[in-house]
Amino acid sequence: MTAENQTKKLSIIAFSGDFDKLTAAFTLATGAAATGYEVNLFFTFWGLDAIKIKQGRSPVGKGFLSKVFGIMMGGLKSSPVSRLNFFGASPKIFRYLMKKNNVATLEELVEAAKQLEINFYACEMAMHVLGLQKSDFIPEIKAVLGVASFLKLSEGGQTLFI
Amino acid sequence: MTAENQTKKLSIIAFSGDFDKLTAAFTLATGAAATGYEVNLFFTFWGLDAIKIKQGRSPVGKGFLSKVFGIMMGGLKSSPVSRLNFFGASPKIFRYLMKKNNVATLEELVEAAKQLEINFYACEMAMHVLGLQKSDFIPEIKAVLGVASFLKLSEGGQTLFI
Amino acid sequence: MTAENQTKKLSIIAFSGDFDKLTAAFTLATGAAATGYEVNLFFTFWGLDAIKIKQGRSPVGKGFLSKVFGIMMGGLKSSPVSRLNFFGASPKIFRYLMKKNNVATLEELVEAAKQLEINFYACEMAMHVLGLQKSDFIPEIKAVLGVASFLKLSEGGQTLFI
């Protein structure tokens, strides 16, 4: 067994809900999975946007303040770009450029991630803070995990915080 | 000795001073330490906020411009949230939600980190830039380190930049 | 061969174009290289700013929208600071403090990175999205890579997303 044949693993803590950072997370995840890596995606805080069922600014979760956060978080289609936003223009320009240049869009990358059997996990703590339930997420979520469990899963591989 | 029994190590470069990112850093750190990891926290740039003694917007450090930066940096209680700030409202909402949902607040996480004997280090270079001294920080800071020393400490484990 | 003598490797995905984050990336990279690490820098999205030849807000790339992005991206000298910008004042204050306190400025760090033979790579996907060519970059770029190739290069070391 050479090092090449050993388990290759990439784990990503998807913290940001920004369009460009989510795109980077899914590009890395799918690129790795396509070349034989075991890939774990752990969605936390704003990153939970990416796996919410209800897209658009509909209130999910319970409790007034959680609802306020839910509305502010929006969803995949309303993810801001971290650096430039201009009242929502930049994500549209990004999508346009990605389409035009034959690069996978974020929705396509999410779809590819499902097909490539990338492991999706949701962060228990962030769900508590934001008042979200497992039922608020897409069914591909394999489990709701705490930090310790996720770190254990990601041992022996490369781990990124995005 | 199985892989499970070998040293488990998590090292975090705490660069951001944003409330949500600091919360993520301390949640990961304490979660790891609580399950037997050796944890190294290396505070640099805005992350140095988290370990400053004088909380509130009091000028620390020497030199006028360093003071301006010190005032802008504020401290733990005035950390902005990376994505949403609304004139300081979001950190308060966050704290409220954390309290309400029985999740540890940032101050509690910092306290837990001390109890769990997580290693706190301050970045020498950033301290020079910002005009900060070791005496500006909480006494739990184990050492002031350069990049090379920190990388050496973090070898063989997982390292995150937050 | 002890663990100390084995290959020490640091790989950085330089995603951000913010002045402070680029400074952190180059500080880590040069600090590691100076102590014997193999260092790989993979520039993607806004991070591509750091390796563009034409500094200043001149339009590079082809296509109108790509040009708009090019102008918005600017270049190394116009990189905003992630947390505080104030119409471009903060990078200048940062530079001033770095000079005054005898800390290497970003340009000096980039120069040092070249001298230390740090490996510079550009992200193929981001170049497609932003309409950039290899000829838009400094000649030190070793190769244009996809995600899978970069991950393979960074295996067995520490990898950071900045």
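First chain written, first letter: the chains are A, B and C, and each begins at residue 1.
In the analysis below, contacts are C-beta pairs under 8 Å (C-beta built on N, C-alpha and C of every residue); 3 or more make two chains touch, one makes a residue touch a chain.
Computed from a predicted structure; not experimentally measured.
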Chain contact topology (line, ring, star, complete or other): complete
Superposing rotation of subunit A relative to subunit C, computed on C-alpha atoms, to nearest 5°: 120
Centre-of-Cα separation between subunit B and subunit A, whole angstrom: 24
Where subunit C touches two or more other chains at once, by residue number: 159-161
Parts of subunit B lying in touch with subunit C, wherever the complex brings them together: 13, 15-18, 44-46, 63, 65-66, 68-69, 72, 80, 125, 128-131, 146-148, 151-152, 154-156, 159-161
Sites on subunit C touched by subunit B in the complex: 3, 8, 10, 20-21, 24, 27-28, 31-32, 34-35, 37, 82-84, 93-94, 96-98, 100-103, 158-162
